[in-house]
Each structure stands twice: as C-alpha cells, then as structure tokens.
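In order of appearance the chains are A, B, C, D and E, and numbering begins at 1 in each one.
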C-alpha cells in the first residue's frame, strides 16, 4: 500500500470522524444539522473514493440532501417555537410587572 | 445528562467498538474473498442492463427494491395520517424566485438524464427521484403551498405509482411469465426502464410530500395555480 | 378413529356432553325465556341419568368404556369408566337432577339466571369429567375447569362479601391447582403417561426414585387437599357459604369437596397402589392430616352460630372420613371410606336444602333463630332430622353404615387410635346437631319470623323447595336400610374394594 | 493494513459514536442525527467490504443494499420528524393554553430505564416513562 | 404454480394497500376483499406446507446466492396461519370499529402494509430482505399506533419507532459482519458455511440483541406498554399478537437454523432464560398494578414474551430427539395461543372502552356486566393467558414443565408457577368486575359484528388449540411422543 494512498485515506477518514463527532457533540440543533449535512457530503466523497459512485450520489442527494433538509426544517420549526414561547413568557412577565406596580400605587 | 453516566456509557461503547474492530480484523484476515461480485458480473449480459448496481437493484434483488418502495409509501402514509400540513414558509424574495425558476427545471432534466443513464452508468431511479424531490423542496421553500405537487387525489396516485407498477409487472410475470419478477431476457431492459420511471416519479413525489410534512389540503382548495411537476 | 364409533367408546363422552351442551346453549338464551331454560336443564339431567344407568349396568358386567382423544402427541384426554368412577358419577348425576329442581324453585325471581344455570351445568360437566378421568392429565384438566366454573357461582350474588368470598376461594384453589400441576408433571416426567389402573402403576418403580415419589405425593396431596378441605387448606369453604343455597348444597357439599376426596382416593389406589403407598409411609401422613381435620372441623362447627357456616365446618370434618378410610390399609376400611363418599353426599345435601328452605321461607339464617321451626315447617325439619341423625351415625340411616365399616376396618388393620377419633367425632357431631334438633322440635316458635314469605299452596313452602330435601332424606334412609341390596352404594363399594386389592 | 480494514474500522467507529450519542443525548433531533450516523457507519462497513484492493471493480451487491438502506433511513427519519412536530405542537398548545405564568411543561417522570434521565435544555424533550 | 403461491401472501396485501390508498371512497369494501384474499393465500400456503413438503422459491430466477429466496417450512407456516386468522378477525372488527370516523381511511392502507410485512417476515429466507421487512413493519406499526393522535400515543409511538430503528440497525450490523465473513445473505447457505468463530459469535449477539429490542424482552420492554395501550383497539391487538411475535420468530429461526450448536450454547441460552424469567415476573407484577385495562394487556404481553424465551434454555439442554421436538412444538403452540388470546382480549377491551368511554379497571363494573359476550371473550382469552386447562398454553406449559424436569433445570418451574398465579390474579381482578349488582343483560350478543371476531379469536385459543393441538406437531414435521 503506497504511503501516499495511506496518508490520503487516513486524512479522509479522520475528517469524516471529526465531522461526525462535531455533529454529535454540538448542543445547538441547527449547528448539529449543518454539521450532519457536511458529514453526509464528506461521506459520499469517501464512498466515491471506494469506487461506489452511485451510492455516493444517492447519499449526497438523499442522505445529506433530503434528510438534511427535513432536519433543518424541523430544527428551524422547533427554534421558532422556542422563541415564540420565550417572548410569550417575556410579555407575560411584563404585564405581571405592570399589574404589580399598579397594586403598588 | 450527568457527566459520569455519559462517561460510563462512552467507555462501554468504545469497548464494544474495539471488540467489533477486532472481530472485523479476524474476519478480513481470514478470507478477503470476492463474495458475490464475480457471479453478479458474469450474469450481467442477460440481466437487461449493463451497469452492475442497477442490475442487482432491479433484477437480481428486485424484491428488495419493491419492499423499499413500500417502506417509503408507509412513511408518507404515516406522515399523512398525523394531520394537515403545518403552515408553509413565507413567500420567497426575488432572488429565491429567480433561482427557483432556474433550478427546478434543471433538476427535473438532470433527474430524467440520471434515470436514463442508470442503465449503463452510475445513476438510476433513486438518484433521479431524489433530484425530483429536491426540486419539490425548493418549490416549497419558495413559498409554493404543495411543493409543486398536484391536488390530494392525484398525489395519492403519484405516491402509489412506484410500488403499484412494480407489483403489477411482478404479478403479470408470475401469471404469464416464468415467475414473480422474473423478467424475460428480451424485454428485461424495457421492463426495468418502465419500473424505474414509475419509481422515480413515486420517490420524487413522496420525498416532496414528506418535506411538506402533512396531509395535503383536500381537493376543493386547489385555488393556487398548481404548477405541475413537469412544468 | 373407527374404535370411536363403537358405542362403548361413545358413552363416557356422551355422559360428559349431556350437561356440557345444554350449559353452552343456556348461556346464549335470553334472560326471560324461563321455560326453555328449565326445559334444557331438566332434559340434560334426565338424559344423563339414563346414560349413567346404562353405564352402571355395563360396568357391573365388566364391560370397558373408554373415550380417548389425543389433544397433542403424548397427551391424551381419556374418559374411562371403572367401578370407582361410576360411584362418583352416579352420585353427582342423581344429586344434579334433584338440585336443578331445587335451584329452579329457589332462584324464582332472581337476576342473571342464564349465567347461573350456564355455569351450573359447566360445573357438573367438570365433576363428571373428574369422575370419569382415565389418566392424571385429564384429571388435572377437569380439576382446573371445575375451579373456573365454580368461581362465577360463588360470586353470583355480586354483593361485596360474595366477591370477597369468591376471591378467597380462587386464591386457595388456584394455588392448589399449581401444586397439583407440578406434582402431575413431575410424575409424568419420571414414569411417562400416568393412566389410572386398579392396584396402582408405581409399585414397579426403582428404589432410587422413592424420595421423589414421596415429594410428588406431598405436592399432589396439597393440590387435592385444597378442594378436599384438609385442615390447613380448608379456609375457603366457610367463606364461600355466601353463595346461593343450590350452589352451596350441590357444589360445596358434593361436587367440589368430593372432587378433592375422590382425587385423593384415585391417587392412593390407582396411581400409587395402596400397598406401595403404605410401604412409603404415605398412608400415615394422610391418616394424620385426615384425623386432625375431622376433630378440628367438628370443634369449629360447635362454635358457629350461622347455620350454613356450621354445616360447612361439618362438611370439612365429614369429608376427611373418606381420606381416613383411604389411609387405613385393608379392604373393609376402604369400603367404609368409599361408601361414605356417597352417604355423606346425600346427607349433607339434605341438610343444605333444609337450610336453604329456612332462609328462603322464614328468613332464618342463625341457629339461635330456629326455635319452634319444626312446628312451622314439619316436613323440612323432618328431613333435617334424618340428615342430622345420619351425620351423627344413628343406625337406621346411611351414616351409621360407613362409620361402622370404618371402625371395623381400623380394628382389622390394628389401628385402634382411629376408633378414638371416630368416637370423639361422633360425640362432637352430636354436640352440634342435637341442640338444633331440640330447638327445632321442643321450643315454641317466636310470634313472628324474621322475614316470613308465604307461598300459599297446601304445604309449608313452595313445592320445588320442599320435595328435594324430602327425596334425599328418603335416599339416606333407603341407603341405610337396604345397604345389602344388589345395587346399593355399599355393594358397589365392596365391588371396588375387591378390584383394588390383589386377589 | 489493507484499505478495506481501515475503512471498515472507521465504519464501526461511526456506529459506536452514533450509539453513544443515541443513548446519551435527550433531544429528539440529536437522537435522529445519532441514528443516521449509526446507519451511515453500517452502510460504510458494507461499502468497505465491497471494495477490493486489487483494483478490480467492487462487488455491486452491497452497493444495492446500501442504496436501499439509505432510502429506508430517510423515510424513517421523515416519519420520526413528523411525529416529533406533532409532539411539539401538542406541547406548544398545552403550554400556551396554561394560564399559569410558569408555562413550564409538567414535571418529567424520572426514567429508571437504562436510558438517561431527560436533560433540562431544549424544548422537544422525550419523556421516558417509569417502567 | 406452487412457487407463486409463496408470493401471494405478500403481494395481495400490498395490492390491497395500493388500491385502498388510490380509491379512498370505496375503502371498507376494498378492505374486506383484500383481507379475505390475504387470509386465503396465507392459509393456502399453510395447507400446502402441511399436506405436501416445505415450499421454497428464489425470486427472479437467478439461483440462490444472487437472488432472494422465500421459504415456508413448518415453523413459518404455523406463524403465517396465525397472522392470517388474527388479521382476518381484526379486519372484520376494524370495519365496525372505524366505521364513519375519518381516521379509517388512514387505518386500512397502513394495516395492509403491516400485514404484508408480517407475512413477508414469516416467509423470508434472506437476511437483508428481513431487515427491509422489519423496517416496513416498524414504520407502519408506529404510524398505526399514532392513529389516535393523542399526545401520549404520539410520544409512545415516537419512542417505539426510535427503539425499533435502533434494533434494526444493530441487526443490520450483524448482517454486515456475516456478509463480510461468509459472502452470502441466504439463511440456508449461511447455515452450511458458518463455523464457530468470533465473527459468528459477534454477529449472533448483535442480531439477537437487535431483535430482542424489537421483541420487548425484559430490560428493553419499556417502550411496549405505552405504545400498545394508547393505540386503537384493532391496532393494539395486532401489535401485541403479531408484531412482537415476528421478532421472537426471527430469534427462534436464527437460533434453530442459522447458528451452529456450539454458538447457541448453554450460557447464551441461560441468559435468554433469565431475561425471560425477569420479563414474566416484572410484566405480571406491573400488569397486576395497572389501572387501565389495555395497559394491563400490554404488560401481560411483556410477561407472555418472557414465557416464550424460557423455552430457550430447555431446548438447548435437551438432546435432539422426540423430547426436543415436543419442546419446540410447545413453544410454537404457546406463541400461537398467545397470539389468538391476546388479539381476542384487546378487541374485547376495545369494545369495553368504546362503550364505557374509558378503560379504568376499577370503574368497569357496569359495562362488563352489560356486555356478556365481550366479558365472556375476555374470560376465555384470560384463561388462555393464564394457561388454564382448556387452552393451548396449558398444553405448552405442561410440556415445558416436563422438559424442565427432564433437563434437570427445575428452577424454571418456580418462575412458571409464580407467573401463572400472578396472571390468575390480574385476569380475575378484571373478571371480578363483571359480577356486580348491575341490571341483568337481556341477551348474550350486544353488537354482533364487533363481538363475534373477538369471541371467535378467544375461543380458538381455548378450544381449537386446547383440544386439537396435534396439527401443530404434524405441521412442524414432528411425529411426537407415542401416547
């Protein structure tokens, strides 16, 4: 096994594992999905290297593409729900403050 | 998730990984044999297609692909059974609309090309279907309520087309031909192409409908000009 | 399948079905179709009586009657009629007919009668199944079905304490069922399919297995002892007196309790063989438990004010006479035990019928309320007296015959302590029956009864309630007086004993 | 140290990483990412096994299997996301309808299962019932 | 023609699903027709296997290593018959249950996909094909379970979907390792090539753990009770009676056919036995304390699955011969009886819930007494679940206890006895409600179309399998011990 090929393979795999670990560890959902899409694309690259072009194409199109899009939409929807609930909690806290100061007068 | 429990699970899982890697090592050391490759390539001439993966996918293990389309159907039926689609995204700004006008037809043409090229080069129903699906996603992002899909009744036929045609071909061959999904050598190529076209349309519409994420509004509300998929 | 067509193979099955099919049909009947329901009941009872008569004649002539169904390879459902099973089948069939008449009268306006009579027929089918069982598997199957079928009857009234009584009944019988199952499977794994054969199957087993056989006997004894109401396992019987009178009379005096005693007799005589059992010392265990139960039952009966509770404890002690008879090595004691199976049945059912009459007609539930009951209801109390005296063992009535043979058997086997037990229990019986009789006949009745219910008509209560106890009381007298007649219970018991002991 | 083994080992490591994350992280989206990574790991193993270092064309059968696997994985993810959005809708409706200012969803039942106790952050917590 | 008959039990429900999706207006008629056709084809395959020899076909005509094989031997024919009959009963029940409600046009397509995958798993002979079938099963079952749309149902089924996916992926990893090592995916070929090696052991552990997760074996059962209790009645009947059985069937298939005896050794069997024992005790205990009827039935499923796994150490300890055949046949008999009984129990529980509006056990008195046919089918099904004599599970327990004695592993008896007593406790806790003082029901059947299927299914588990269990032995090709 030529040294150059081995170095290339190991870089390829290390990046792959790095992307996967990053996708798994990031707490913020949207970042995680972005990293997951990157992981999917990189994985299709690795599979192209292993001589599986149509599987690579499928992974890029379906795995990273459609799967990623679905997750991104879900992440955005839940994020939107969070800040809708946060500002609902804020304005509820505001009018509670108004009520309290009215009693105070 | 307190720290030490996740650490403990981490250690256990990494032990499992090392064990699996050792097993994998002993397996490869034993006989890195060619497995089914020579047999599949030798049967290629009378499978009706020249690309080995498409031959395996649509001829040798056609039954798997039929079931996999059924899995897709199950997923979309599950999504539809959960209720109406959540509200769509806000209508797209000018840049996205222009982009969509270019990208969507391009994706559809590439999908068609991929479908055709699958017979002799990497490509085929799934990749083509994925592209059509992504065209639907882009339309949905650009504000189109039903991601370019027709009304509810038509969507039901679209989603069912892939498995339906595949099954009908299989049953007809079972009754008249040599057996369930046993293509006669002469017409194998055309049968496979027919099945792949239906599968592409089905996969495309299913993925787009999945992205919409809910039951399409009933027939009477087709007010918006339904830009059909092929436009 | 051809052997099934010969009528000797069909008869046992037909006897079983003659109560199973009417039962199934009754379940589906509408509540208000009373006539059809009573018709079905009576038809089933009469057909069964005729079939049993034919069976008695066939077995007396030495014919072999066996229905064998293979429910799974290696597991056969066998209905085999031998002398012992005929004794129990006759008893349960005759008394089922009488009790059906009584039940139809007793439950005149009560709710859920389709359900009641459905399960009632199911119970009798299970009892007949137990009687006719040809191997241990069939016995266990029908033994458990009996539990299933009697639970709804005990809980029939739906009152909280009925449900509680049923729950206790279920706990005991389920635990007993599991113990019996373990014993039966253990035996099956040691010896292969266990068919009931006169003089027992296990005598040829190698000595190394003897400790296991003793352990198996203990498991079987616990399983059967629950239903036979042996001392520590009898708790359910007094509690299930909440059931309506026909249930407590037929089931808790005849069917369920006898199933346990009959099972003990089967195991001792037809599985182990009585000689082999005494060799292993099993008879002494059985004898001790039976004796304790006899004395304990009688002592507890003294303290009970409720009439049905007192009769229940008396049943606990009387049933153990059968076990006592089985535990004494010798044909005469065996005859005593066997014949008591029948006599105790007829006597106890008379007493429960009368108790039911008092409750239904006068609202009398407690012994203390029974002053002057004789004057108000002379016929019923006359029947009660015959039953009570029989229980004590006064000569002309059937009870005396079985106690006499038990005593003779004990003397013959040299076990004199049994005489002490018999004497003590006779005194205790007198202790709790004579005061009732004295109160009933010689005290003057209260000015008005707790809940009097005038039925009109010439007699003291409804015909259907009055005649059954009178008939069974007459049976007690006939069984006592004509003991030596050809087809009397005593003669039949001698026939069984002759076949059980090696010539 | 053939290429097949190197890639196969990477596949197994991906599987382990996904398994760890699935067991440890509570929000559904992270569980789905973990599940997809596990799936990719197994598919990667298939492709590594199919690859033949002596330059001849790789074995097409695992490629077809992986194609089917990818589509199955996506459909499962789509269904899971749809179920989860219904769950969030129900939670959002429940918390907005509550008049109490706290608005916090009802206390979680501690999960005594092998799976961890739900963490505090993130809206779409998946409560594991007490067994 | 014989080879095609194997495909019909899978193709017909799939066709039914397509028709029902495409033509939603004529849903009930199409549903009934497709259900009858599927049942007919399933029973036709069982009859062929029983009368003639085992069936086998390789689809596509490419011969074994390349093509996918379908096989129907005694074991799969028995389970296929169960899935056909329970499926038919549930379909008839569902026509009434979903009549008029808008949810019904979502039930039928998913139900037929589920039915196709059930028959597919029982007939498959290719490991990767089994993976796709298990996925189809998991997805359609999760989607069906969430049909009620309530929050609890959606959450329970989301968890069920995730656990199912984890199980399938682990199973797939096992398949990948086997393919890496032996180069084929067909069970028949693999069983010839496989030798005891770390690879085979690793693959066995992975596949069995994956399938045990889907079969809700004891420590991994937490997802089952909420998923089965919150699903609509016909769905929970199918989930408990059939879906959980497929995973058990696969473990039994791998244990008996695929993996050599050295691998499926005493230690592995003992682990399965202990987990089964845990399931029996924990499931029964939780069932006893469940407040809701359907939750009780779900925990009872966990317990009954435990009984099935108790068979493994016994089968492993008994040398090949009549005794071992009896144990395998008894294991299949218990699986079938539980299938029929649990389906009958859930259908009846669904009726009670529909009539009473809730299914809290303590407040069920009035309803139970007013519907004698439903309570009777609960009683019949309950006696089969406990294992009381007239039922098939009594015969299975009898053979199992005999096997335990002969194998000298008497400790399983304690588990079986405790399990039986606990089962009696929780079943009669429900039945005692039917003996209250409510008004007497006027006639036996209150709603014939719904009650007849439940009654027949429960009756089948008691009388049919209880008094005529011989066909199970002959179907599996065992001639059984002499009487």
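The criterion applied here is as follows: a contact is a pair of C-beta atoms (placed from the backbone, for glycine too) under 8 Å apart; a residue touches a chain by one contact, two chains touch by 3 or more.
No experiment lies behind these values; they were computed from the predicted model shown.
Contact with both chain B and chain D is made by A, E. Using the contact threshold fixed earlier, the set of chains in contact with both chain A and chain E is B, D.
Distance from per-chain Cα centroids to the pooled protein Cα centroid is smallest for E. Each chain's centre was taken as the mean of its CA atoms, and the one lying most distant from chain A is C. Interface comparison, C-E versus B-E: the pair with the greater number of contacting C-beta pairs is B-E.
Farthest from chain E in terms of Cα centroid separation is C.
Here the spacing of chain A and chain C, counted between their Cα centres, is 77 Å. The centroid of the Cα atoms in chain D and the matching centroid in chain E are 27 Å apart. Taking the mean of the C-alpha atoms as each chain's centre, chain A and chain D sit 12 Å apart.
Between the Cα centres of chain C and chain D there is a gap of 66 Å.
For chain C, the set of residues touching two or more other chains is empty.
The set of chain A residues that touch two or more partner chains comprises 54-55, 58, 62, 66, 70, 73, 77. Among all residues of chain D, those that touch two or more other chains are 2, 8, 13, 15, 20, 25, 45, 49-50, 53, 57-58, 61, 63, 65, 67-68, 70-72, 74-76, 78-79, 81, 83-86. Each chain pair that touches appears in this list: A-B, A-D, B-D, B-E, C-E, D-E. Contact residues of chain D toward chain E in the complex are 8, 15, 22, 28, 31, 35, 38-39, 42, 45-46, 49, 61-62, 65, 68-69, 72, 75-76, 79-80, 83-84, 86-87, 90-91, 94, 113-115, 126-129, 131.
Of all residues in chain E, those touching chain C in their complex are 326, 329, 333, 372, 376, 383, 388-390, 394-395, 397-399, 401-402, 405-406, 413, 417, 420-421, 424, 428, 432, 435-444, 466-470, 472-473, 478-483. Per the touch definition, chain A reaches chain D in the complex via residues 1, 5-6, 9-10, 13, 16-17, 20-21, 23-24, 27, 29, 32-33, 36, 39-40, 43, 46-47, 50-52, 54-55, 58-59, 62-63, 66-67, 70-71, 73-75, 77-78, 81-82, 84-85, 88-89, 92-93, 96.
Those residues of chain E lying in contact with chain B across their complex are 3-4, 7, 11, 14-15, 17-18, 21-22, 24, 57, 59-62, 65-68, 103, 106, 109-110, 113, 116-117, 120, 128-129, 132-133, 135-136, 139-140, 142-143, 146-147, 149, 154, 173, 177, 179-181, 183-184, 197-199, 202. Contact residues of chain D toward chain B in the complex are 2, 4-5, 8-9, 12-13, 15-16, 19-20, 23-26, 45, 49-50, 52-53, 56-61, 63-65, 67-68, 70-72, 74-76, 78-79, 81-83, 85-86, 89, 116-117, 119.
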